[in-house]
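Next come two complexes built around chain A: one with chain B, the other with chain C.
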Partner chain A sequence: MTLAYVPRRVAVAVLQILGVAVAVFALSALLPGDTAVVILGKHGTPEQIEALRQRLGLDEPFVRRLLTWFGGLAHGDLGTSLLTGAPVTAELADGLATTAVLTGVALAVIVPLALLIGVTTGLRQGSRLDRAVNSVIVVLDSIPEFALGLLLVALFSLRLGWLPATAAGLSGTSLATHPAVLVLPVVVLVCKQLCALARQIRIGVAEANTAEYTRHVRTHGLRESTVLFKHVLPNAAGPSVQQLARTVDGLLGGVVVVEALFALPGLGSGFVDAVMARDLPTVQGYALVFAGTTVTVNLLADIAAYRLVPRHRSAS
Partner chain B sequence: MNRSRHRFPITPIGWLLLLVPVLTAFLGPLVAGSTRSEGGSLSPPGPEHPLGTDELGRDVLALALSGGTSIVTMAAAALLLSYLIGVPIALVIAGGRRRWADRLVLRLLDFLLALPGLLVLLVLAATGWRGTTTLVLAIATLQLPAVVRIARTAALSPGTSTAVESMLMQGEGRARIRLGYLGRSVLGPVLVDAASRLSLVLYLMASANFLGLGLASSATDWAVLIELNRDALFIQPWAVTVPALLLVSLCTGVNLVVDRSLSNRRTVRR
Partner chain C sequence: MNAGGISRRRVLSTTLGALALGPLAACGANTGASSSENRLRVAFSTSGDRESLDPHTSTLFVDQARSKALFDTLLGYDQDMSLIPRLAESWEPDDTGKRWRIRLREARFHDNKPVTAEDVLYSYRRIADPATGSPAQPQLSGVDFEASKASSDRELVLVLSEPDFTFPAAMGAPATEIVPAGTTDFGKPVGSGPFRFVSFETGGSAVFEKFADHWNGAPKPAELEFVSVNEEDARVSALLSGQVHYSHDIGANSVSTVDNDSGARILAAPYSTMQAVAFKVDRPPFDDNRVLRAVLSGVDREALVKVVLNERGKLGNDLFGRGLKYYPEEIPQRERDVDHARGLLREAGAEGLDFELHTSSADPYFEPAANLIAEQLGEIGLKVTPRVGPSETYYSDIKKKGVAGHTRTATLPITSYLSKRLREASVSANYTGYDSSEFDNRYDQAVATPDERKRDELLTEAQRHARDHGGMMVWGFSDWNVGVSKRVSGLRAATPNSTRWARFDEAELG
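And then the complex of A and B:
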């Protein structure tokens, strides 16, 4: 059963990525006034625009351009940036390092914290602690990252002078040697993404904790810790793992704002820059990376959840 | 009863956080002074400008008072639009005889559901689709999958389907049943969903305006003001912190009030 599920799920994932790639390509084909006009600006003569269109291959029909792009993709070539002239893949690799550091550190904080909050409040559902923690989390969840980030900068960098306001000049691994720079961006990311995961774990734990089978296990006199680790947590894991996938995905989406805010040269700020410059080959490359990570993360979560939940394990 | 006396007054705090920015958004423009560029740029608070001036030399107090209308209106428009389109779709596919249509629409919408909102807005902007109308339409579209799912589930609930069957047997027309009876029965769940969706829409709208995907950079909007003045945070912090606080207050207020009223609802039902 698992064998049939995994290949089918992988096939869907591949189709989703291809779908996004075609959609982004189609959107740029519908662009009013094309890339050549964007590059030359308002001052380009019609002859210059026509020459550039030919050089960029924009005069060819849509389907052929799409096929050329997919052909390059098969060889790991995503074209060259219109802005810098560098290969898009090189730019993506640079950004990926910074974003990976940021997302990794944020996850290293979020996962244990969400587990701690989710399990403690889930076991004491309805208690005063539960309600207080819930309200705090609800508040944190709704704040847009940019507003929270700027207020934190105003407080901790401007008023108190404890932490640097931006990470200008640092990227990738050099970030790891300046941990102070990472504090504010990571705090903002954690505030935004902690809520959904902690809530999901809390609901899962509370449900499994009060379920019929758990009560049954308890009547057999098992130790409370055994009940928690062998019965409550595994049953709460399925939906929580899927929420974790959405958290990772949300981190990437949130990174767009946080990186722009703190001048971190990652995927997010690179994407925003490419968008502002209408550098379409680069935008397409970024969109492909974001779609790829979204789909992969969800794929892994689906498979993990499938294997984790005891019900499925015993069925196969 | 006894417990509630010791409880932290979350609901009043939520209402306070919500009402301050909402009243500012709607009544503020009436009392705000001129938002035209007058004094020097980035001057500190003084007798003439209580909160100083911004990057473009405009009075920060007047800007803060008149900058809330756009975000509240745009968020409300996007939310309303998503229900005006989503609920009829849900009623048609839920009440229809064609099962394949139901499944096809759901599959198509599932694809939309997987897309991260802010990234979609950025790709749209990169390909030339930016501006207020696009933003409202795009954010409404991004809400569609969830809206359709919720309204469809409500319309298909066991109690409803029995009632629909008996109405069909009494010879009522399908269109009448769908819009009349089903429409009324999904109203409750839809309103609950709308309340919790509001904070998501507010968040997307503010972030999009901050990234410059919607309103023009000269607009008087809290998010736009934050973006415009953020480089001057260390020179004239009021120009950034005042709109940021109002925006944060709006988002947290909405979320707190909705969360409290939903959990009260659940307790009452139980």
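And then the complex of A and C:
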């Protein structure tokens, strides 16, 4: 059963990525204006714009450009930046380290914290602690990233002087030697993404904890820790793993704002720059990475969730 | 992200204003990225990878500031756009205004080679070549390079195809920097500016070190670092927290936040940016001069300055360059006259006319101005709908599309503005389609006359004609704000394009 599900789900994911690739190419081609216009700015004459457009290959028919791009993709070649002439893969690699560290650290904080909050409050549903903790995380969730970021900068950087306000002047590689610049961006991402996952775990734990099968095993005199780890958590895990995938999606969206606000040289700020410059191959490369990550994470989450449902596990 | 810009700045103004009242000067939470005590760190928006160290193709402010650090121009502009010498020691025309003899001062490139007349000819030829794509190309397109020549290492003669006694303005324009003859690769540029190249990463930092043998004396900072901070809120945070010493381009909403801080201050240059609406006079409905005059009479410029510029600006009179040389002060201020405007519309049969007013976030004042102008013109019986376009391609878009759109222009010598924006021959920067032989004749006569007073009169007449028929409704002039750490002395408020702007060699770190 599982073996049939996994290939089917992988096939769907591959189709999703192909669909996203076509959609990304079509949508980025629909952006008003093009690289030639942006490069030449307000000083460009129509003749100069046309000449540059030809030089950059922007005058070629849409379908030919699409096929050329797909031909490159098949060989792992995402094309060349229209602005710098560098391979798009190199442009992506520049920002990857920053974004990977940012989202990785945020995730490493979110998962255990959400588990702790979700399990603790789920087991004490309706208690004063449950209500208090829920109120706090809902409030944090309701503050937009940029507003929370500005508040934290005002307090911890400007007022108290404890943490750097931005990563101005640091490159992706030099961030490793200045980890303090990541603290506020990570806190913003954690505050924004913690709520949904913690609440999903809480609901799952609360439901599993009061379910008939749990009451049944308790009547057999099992220890509470055994009930929790063998019956409550496994049953709560499926939906939570899927929520975790959505949390990763949320983090990828959040880094676009956070990287701009803290002047971090990551994939999010690179993506925005590429869109602003109408550097279509680079825009397509970034969009593909973001979309590919989302599809892959959701694929893994679905498979994991499928496997975590006890009846599927026993069937396999 | 642009859509949230104003509200973000409001949040920043409020939160920083409320929380940053403490001893901010002591905020030592620096990233520690600066390696030298005497390294001046300046933050600019770089907008990604469009940047280049080729001075001749520079269009962004950050490009121009880096060009100013690494290279020199022959002349510079003072605050009123009058000329001041840089690499050129003297510049003199012959009686016809077609031959200009230019003598260079003794100056050296960073590789210790002297700056020669051949370097100037090479640089200007490169700029004038349309293939280079230089924004300064129109200003040097009138040079006859076949006839121009170097008469010695430090002297050259530039020959123009038409007489022009205002030609030296071109020698101070941005993107006319002198590079060593033969330079085609600007990966590690060699210039004659006050700083020499150390490193550069597009979209990231650029580090330069002082060039002790600069003709104007050694710069004060040992090192200069340009850092990329695209978001204005982040530039303000970086300045207030002490991470950078200079933040370029601070909007009106953040000015009080910086000014109220104990560790930073605002340098505001008045009259720096002309704020205008370009009405296209080469097509209906504004090809009917009565409709054009109706909108010019229907707009309340004072209200726009008060509301949109938050009173941090000056009133416009449908003329470029208030406060500059050749600005016709004697032309009376255009006032709002609703009845007159309604009468003109009635006469033209244009009552109830509707049109779209193109606007964008390319400038923070465009969108609020568009809403207020739509409201004001509604009161004279027009139906105006603001239409927001993408900021990245906005200026190119409004050249081709629509009948009316917001525009702005930084300070330039008035003759450069008139030749680039209003003469038929320079249509690339003409946003209104104004094409008048009357204007062209007066302008051509003015630049061809050696008599300064006569030139002034002719330029006044030309500007008067353009004001009534050219389609440019200039409602105000906004300040240009930069934020500077109080640790830094020697920097003064300056309009972009002037010599004093981004003069980091004069900055002293205390």
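Keep this in mind: the second predicted complex is superposed on the first by the 292 of 316 C-alpha atoms of A that agree within 3 Å, B and C clash if a C-alpha of one lies under 4 Å from a C-alpha of the other, contacts with A are read in each partner's own complex, and residues count from 1 in each chain.
Going forward, a contact is a pair of C-beta atoms (placed from the backbone, for glycine too) under 8 Å apart; a residue touches a chain by one contact, two chains touch by 3 or more.
Bear in mind that the values here come from a model prediction, so they are computed numbers and not experimental data.
When the shared chain is aligned, chain B and chain C each come close enough to touch A:272. By the touch criterion defined above, A:234 reaches neither chain B nor chain C.
In the superposition on chain A, contact of A:72 is made with neither chain B nor chain C. Looking at the shared chain after the overlay, A:260 reaches both chain B and chain C.
With both structures placed on the common chain, the touch criterion links A:81 to chain C but leaves chain B unconnected. Contact with both chain B and chain C is seen for A:150 once the two complexes are overlaid on the shared chain.
Residue contacts after overlaying the shared chain place A:158 against chain B and chain C alike. Looking at the shared chain after the overlay, A:292 reaches neither chain B nor chain C. Chain A residues 31-33, 146-147, 150-151, 153-154, 158, 165, 256-257, 260-261, 272, 274, 276, 278 lie at the interface with chain B in one structure and with chain C in the other. The residues of chain B lying in touch with chain A in their complex are 6-8, 10, 111, 114-119, 122-129, 199, 202-203, 206-207, 210-212, 223, 226-227, 230, 233-234, 237, 240-241, 244-245, 247-248, 251-252, 254-256, 259.
Note for the complex: chain A touches chain B at residues 16, 19-20, 24, 27-28, 30-33, 128, 131-132, 134-135, 138-139, 141-148, 150-151, 153-154, 158, 165, 249-250, 252-253, 256-257, 260-261, 271-272, 274-276, 278, 280, 283, 287, 290, 294-295, 298.
Residues of chain C touching chain A in their complex: 1, 4, 8, 11-12, 15-16, 18-20, 22, 24, 26-34, 41, 43, 47-50, 59, 130, 133, 135, 137, 201-205, 225, 227-231, 233-234, 237-238, 240-241, 243-244, 389-390, 392-393, 395-397, 427-429. The touching residues of chain A, counted against chain C in their complex, run 31-34, 37-49, 52, 81, 83-84, 91, 146-147, 150-151, 153-155, 157-159, 161-171, 174, 178, 180-181, 256-257, 260-263, 265, 269-270, 272-274, 276-279.
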